[in-house]
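What follows are several structures.
Same chain, two partners: chain A is paired with chain B first, then with chain C.
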Partner chain A sequence: MSAREQHTKGSGLKWVGRAIRRLEDPALVTGQGRFTADLPAAHWVRFLRSPSAAGKIESVKAPQGATMITATDLKGVKPILPMLHKFSYRPVPQQILADGEVRFVGEAVAAVVAASEEEAEDIADAVELVIGDATPVVDARAAVASGAPQIHAEAPGNVILEGRIKTDGFDGVWAGAHKIVKVDARSRRQNATPMEARAAHAAYDAATGRVTLTCTTQMPHLMRTAIADVLGMPESDLRVIAPDVGGGFGQKMSLCAEYVVLVWLARKLKSSVAWTEDRRENLIASFHSRDQTIALEGAFDKDARLLALKADVLSNIGAYSCFPTTSGVEPLMAMAEMPGPYDFRQYECRARGAITNTCTMAAYRGVSRPVITFALERLMDKAARAFGLEPVDIRRKNLIGTFPYVSAAGLKFDEASYKQTLEMAVEHAALPAFRKRQAEARKQGRYLGIGFATFSERTGYGSPAFTARGMAITPGWETVHVSVDPSGFIEARIGSSPHGQGLRTTLAQIIADELGVEPHKIKVIHGDTDTAPYGWGTFASRSLVISGGATLIAARKVRAKLIKIASTMLEAAADDIVLEDGQAKVAGTDRTVSIAKMAREAYTQTHRFKGEIEPGLSESGTYDPPGTFSNACHVAIVEVDVETGRTRIEKFLVAEDAGRIINPMIADGQVHGGIAQGIGNALLEEIVYDDSGNPLTATLAEYMPPTAREVPEIELHHIETPSTESITKAKGLGEGGCIGAPAAIVNAINDALSPFDIVIDEMPATPQRVRAALRKAGAA
Partner chain B sequence: MKPAPFIRHVPKTLDEAVKILAQVAPQDGRVLAGGQSLVPIMAFRLAKPAHLVDINEIDGLDRIASDGTTLSIGACVRHGAFHKSVVGNPLGALLTFVARHIAHYPIRMRGTFCGSLAHADPSSEWCLTAATLDATIVARSTRGERPIPAREFFAGIMSTALAEDELLAEVRLPLLSPDTKFGFNEFSRRAGDFAMSAALVTYRLQGGKIAEARVGVGGAEPFPRRIAQAEAALNGQPPGDKAFRAAAEAAANAVEAMEDHQTSAEYRRDLVRAVVRRALEHSNR
Partner chain C sequence: MTEKSSITLTINGRDHAIKVEARRTLADAIREDCGQTGTHIGCEHGVCGACTVIVDGEPVRSCLMFAAQAAGKQIRTVEGLAKGDTLHPMQQAFMDHHGLQCGFCTPGFLMLAVGVLEREPDISDDDLIDVLSSNLCRCTGYQNIIKAVRAAAKEMRK
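Take a look at the complex of A and B:
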């Protein structure tokens, strides 16, 4: 029996902790899923996109008889204007369709409407678009250099925000340090590449004047609020539905201008209108991420203890700011979480966002943490080398070990297992045996390496965390309604909007334990602003913690009410009632009453409970926690082919702690998926622009997510440290996989190539880059 | 990502097909076989042919035949046909080994050998095979049949000696002498991706020395070709690390490697060196 099973057994819970099959899957695996693009529409839209990265729009001419709208048609529609009230943030407006000027290749200039997708594309092909010459700025450093062309008048110097932190006493500690170690880390740009690209369908209802927008989104309620604001329409006239959503990874949590156009068109045409993004559009014009450089320095004492950290973060945020997070999402995440899982007191950071003539940056699974973890873990490995230590030994000296812990950046860490997961990983990786094998292989001209990454993963954070960023929109809390209908059927309506996370299953497991029923008898309803309570959707490893907490609160209220009803119906003391097997029982007797019977009475025999119990059987729970930190140690064992520069991952191992695990199978799946994306980040995926701002990676032949062949078997080990900051004791774990994997893999590459004395601090560590580094070192 | 409008013609015989092609070729008519390259290009609207001559319903084009000296591969033979050896000759094993490296399984079950040659992607494994083994490419048109030697067939990136009204009806590969050794290696970023460099080698051993060496390199230049300098470095030498490294070096020096934004010519020469040496090592199993 594994540690986890024992723990769950000790918890007294029957369903929480069990790897039951996902309730979502039967429909999805039998082709019964329903996605946005499955809906029929009277009209289809094709967006005409800018072929230039910068310039004035001189003319847009549609062929005779075509239906096309441009910015001119959208007078009165407000721009998208994300807002931060801190960090010298400069609000830059994004017009729904480019108005007078384009700022990146792929920006929507016009929308063509036709009876079919094919016809719309034919017409768009025939539109004559003339854009004047201008000099684009593609690179973040070039954008913030003096004399760079101004991309938005509102943001002088192309800096959209600048955050700074410096702890008291930093300079003294820095000056007295024994050794300073430096890393210039760079992550190239990525696209989250959800299997389903963006899609929207807007239908006008003549009877009510309402529009129903069905779209692939992670946050239907916020889409409704945002689109109603921009169009100046009452929210009540807009219903937003997120049906089955084929992956989001953050790309679908920002407002896209295209969806606003669809709602506008449905109202204008009083009809239904649809748009399905193609892969090329998704790669060049949806949202990008991870285009960051971090100059990181660490000050160590003579015992290799980290004393202080100094970071300069420059994030290429693209042409516009994203709503609701703003383009602060990456640089500010970097600033807040750079100290990672290490115990030191002094910290200085500058974090800037640079505007460039490239696709807008938004959240992508992990948000900045894959890059800051990469920078920090490279720093620890370099320091280990400088001190002549094993990489694991420098981590042993520096990881946080007492809780609660307040980081140098001011974040409060709840109890976790940084040191324990490291030791667990070292043991399973059989480090001494590996070092022996590595030495043998080198004699034969084969280069094996091992890389470790230890990190913290802040999850399940409520509104205080977003307030700290100064966001005009502060997401965080969640509400859940749990109800039992008169037939005894149980449903939970949630404001989260799962799209692959398995929440219909895990929330049902939580309710099942409270009400003594089986999970498959519980229905979780989400993704429709007409039927689900207002909520913030699913992102930031939040849903199981926050929506799960709200579910537990609501389910406990329903449980309390059921016990009261049972106590009346069975004429027994409330303390003697137990709920199990779909019934209330009087402990130690054979007296029972079914939930169905109690529910029926709760609605139809309310006189029996007059003055004691409110009619009906429906309760609400709201939860807004401070946040809880998961942690893990990732280990990659790789072989680098020095002739071609290619890296093969031989083994990938994870020791993970995400508090109480609700469903181990779903938890493992989250880690696996994240690691696959982390492998892409480390080795393969890169959005490339040429100097004129033309994207060179516009198909999946050039932009390369890993396939099943590039993802090795992944070995997972768990520790469960129940969270004190989460009422279900669960921590989030949606992002850890992609946070730790890149650092572990690139550290392993550096370890493999250590005989050549070269350093790879850039990702993806493509074969080209690895070979170039080897050649530069005169090594091969 | 929808193709521009086109008219699809579905001839039942080769004669009918070339007749239609002669008519529609001047209006950018194209032949459709497996469609694994043409259809994506049309979806991106990089090609907008007004007419497609779909040859999939013509009887007999999926034929593979051997007359004892030559293997003939019809215009609709799929890559997947080579998953098992098609002829009791080292050529059969060679084709099976190479076929495994082409894209992914669903693509191999639809894409065709001849279509791959007509498309002439620099990375194509079959183009490399045809160039290395000096295949004969048979073009058909209303004007008759025209055999084209492989070394005259490839003209540049996705460019061939086919006239616009010619249909690539068949490819003929010479059978190999029974003692032929072969080796193949390719480098791509992910399994199934286009090869950034690939090498195919064949030779015989006479008195323990390499003879009749053929070294073909693909993916590095606009089209695959035999590298005479590498072959010269092998002929007359015993197979082994020394000769293989010399041939690999000669090949790397001989190619005029293509460059792009991410891949320098220098790096591609590194890959040529690696794939030629590894193909030779593979041959010496």
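Take a look at the complex of A and C:
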């Protein structure tokens, strides 16, 4: 019996812990899903995008009779101005359409409106746009070098923020260290690449003067707040709907200027207007991610114990800052979480964001942690080599083992299983047998390698974590309304906005256990600002923990009320009432009353309860937890073809711990998907710009997410350490897959190539990069 | 490019008489002119396969075919897979094995897998992975798609 089964059996819960089929699926497998681009519209928009990375807009001229709007038409519309109150953050404004100058290839300069998408595209092709010459800055190091062209007057030196941390006593410990190990880690730029690119549809309602914006977003409520702010309109005049959303991975949590234009146009034209992004636009002009270098040094004592860590982080944040997180999201996450799951006390970090003439950086699954884990796990492997240890042995010496633990960066870790997951992974990977096989293969000129990555995944964090970043917009809490209607059907309205995570199913499982009903009888309603309570949406591995916690709080209130009603109706003590099979029962008797009957009475027979029970059956729960850490150990076994530089992943193994698992099938699916994206980061995916700032990867044939061929079979093993920081005892797990996989894979490549004495500290480790390293070493 | 011609598309056995420009792709015609929005468009370059439909028994990228080329042919889309309330074994298997998350790529995968298995019911496991590698999914990491298609293949052979 697995640890998971044992736990579930002991929980006393009927639905939580079970791999039930998803409630979302019947519509999605029959073509009945409703995505934004499915809506018809009277007008279609095509954005005219800058072909230059930098320069003054000299003229923009539409063909005669065309409807086109530019920045000139949007006077009075405020710019997007994300804000942090810390870390010397420089607020840089982004005009909704480029005003006077452009700052990256793909920046929207004008919006052409026509009766069909094709017509709008034809007209946009005929617009004459002249942009003056200017020298773009593409590379982050070049951007922060002295004498670099200034991209925004508001941000001298092209630095949008700089965070620093240094523990007391750092210098002394550093000076006294036995050995210093260094890594120059770099992750190239990625695009989150949801299969559904961005899309929006704004419809004006003449009767009320309201606009309904249907758009593919992860946070409908904040989109409403932000767009109303920018346009200076009452929020009540705007309804935002996130219908079925085809993946987001962070890319759809930021405010897009395009959505603002759509709402503005719907109000102006008093009609419906739609825009569906094409894949090229998505790849060059939505939001990018990663593109980070980390110079990392570790100081070790003579027993290979890590004493201190020194990091210099430089993120290329692109041309503007994203709303609401700001583009400080990457460097600041790196600074806060660099110490990872290791036990040491001294830490120094500088984290900077460099503005460049490239597409704006925003959150992408894992946010910086794939890169910091890569840097730190490369450091551990290098240190192991320097000390003549197996990579797993240096981790055994340094992983956190007592809880709660406060990291050198000040984060509080709740109980987890760093050492146990490592041992579990080592056992299932059969390390000694692998080393033998590796030695045999080398004799035949075949290069196998094994790589480990141990990491923590901070999940389910509420407003305190965002407050610590000094965010002007401080997200965090979630509210859920659970109600039983007069016919006895149960509904949960949630502020989160799931888009593939299966939250309708998992929240229904939580409610089902509280109220003694079946999950498929519970409807979870989300993604519509008119019907769902205000909430922050779905991102940062938060929804199951925070929305799940709020759901549990609300469901418990409904449960308490049902028990009160039942005790009146059944004339029994509240303590004797149990809720199961859709009814209340008096324990040890055959006296029952159905939830439907109780619900009907709660609305229509309130006099029976003598004023002791409020009318109706609707309760609200709000939850704002401090955060909880999931953890895992990833293992990759690879074979590198030294002739071609190609890496094949032979096996991928995970030992993970995300606390109590609500639905193991859905949890495993999250891990699988994350790992596939991590494989993309490690081996395949790279947004490439030339020196002039032209994107060279503008189709999915050049920017290559992994296919079924590149993702090997993934073996998962589980431990469940119930969280003390989450009332459902669940931890989040949306991001772990892509946090650990890149480090494990590149460590495996380095292990495979260890006979050549080369080092690969850059991702993706493409065949070209591997071959270049081999050539440089004179190896082949 | 605005001259339109009349064509008839036969989708899931039903005729749709529509007027389209010569450049109209089959994907756009299915979605916009025939109102069958279950077929999704992911890249319009023929790379991602989200728009896969079955035309005269073969899975095709409907973004790479003009609507006019499909006139007179039998087109099958995700909306036609179930028989009444009974799901196609492939649909059922995707639900049973969690072969979908956001569901955007799902119709394309369903049509690809059904099309290939109808043509080649005894396809080897390895060839099946080659076939499935022609479509992109960003959510599932393919593990459960492969499981689902293998399970459906068994069911379809019965």
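To be clear about the criterion, the second predicted complex is superposed on the first by the 780 of 780 C-alpha atoms of A that agree within 3 Å, B and C clash if a C-alpha of one lies under 4 Å from a C-alpha of the other, contacts with A are read in each partner's own complex, and residues count from 1 in each chain.
Please note the rule applied: a residue touches a chain if its C-beta (ideal position, glycine included) is under 8 Å from a C-beta of that chain, and two chains touch if they have at least 3 such contacts.
Bear in mind that the values here come from a model prediction, so they are computed numbers and not experimental data.
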First (chain B), second (chain C), both or neither touched by A:T699: both
Touching partner for A:F249 - first (chain B), second (chain C), both, neither: second
First, second, both or neither for A:V406, with chain B first and chain C second: neither
First (chain B), second (chain C), both or neither touched by A:R22: second
First (chain B), second (chain C), both or neither touched by A:V711: second
Which superposed partner A:T766 touches (first chain B, second chain C, both, neither): first
Chain A: partner with more touched residues, chain B or chain C: C
Partner chain in contact with A:A126 - chain B first, chain C second, else both or neither: neither
Partner chain in contact with A:A587 - chain B first, chain C second, else both or neither: neither
First (chain B), second (chain C), both or neither touched by A:T193: second
Touching both chain B and chain C, residues of chain A: 118, 122, 278-279, 699, 701, 707, 709-710
Chain C partner contacts - residues on chain A that touch it in the complex: 21-22, 24-35, 37-38, 40, 118-119, 122, 193-197, 244-247, 249, 276, 278-279, 499-502, 665-666, 668-669, 672-677, 699-701, 705, 707-711, 713-714, 737
Interfacial residue positions of chain B with respect to chain A in the complex: 1-5, 44-45, 187, 189-194, 260-264, 266-267, 270-271, 273-274
Contacting residues of chain A [partner chain B, same complex]: 117-118, 121-122, 125, 278-280, 641, 643-646, 684, 686, 688, 690, 696, 699, 701, 704, 706-707, 709-710, 766-768, 771-772, 775
Complex interface listing, chain C residues touching chain A: 1-2, 21, 23, 31-32, 36-45, 47-48, 50, 77-79, 81-82, 87, 91, 94-96, 98, 100-107, 110, 129-130, 132-146
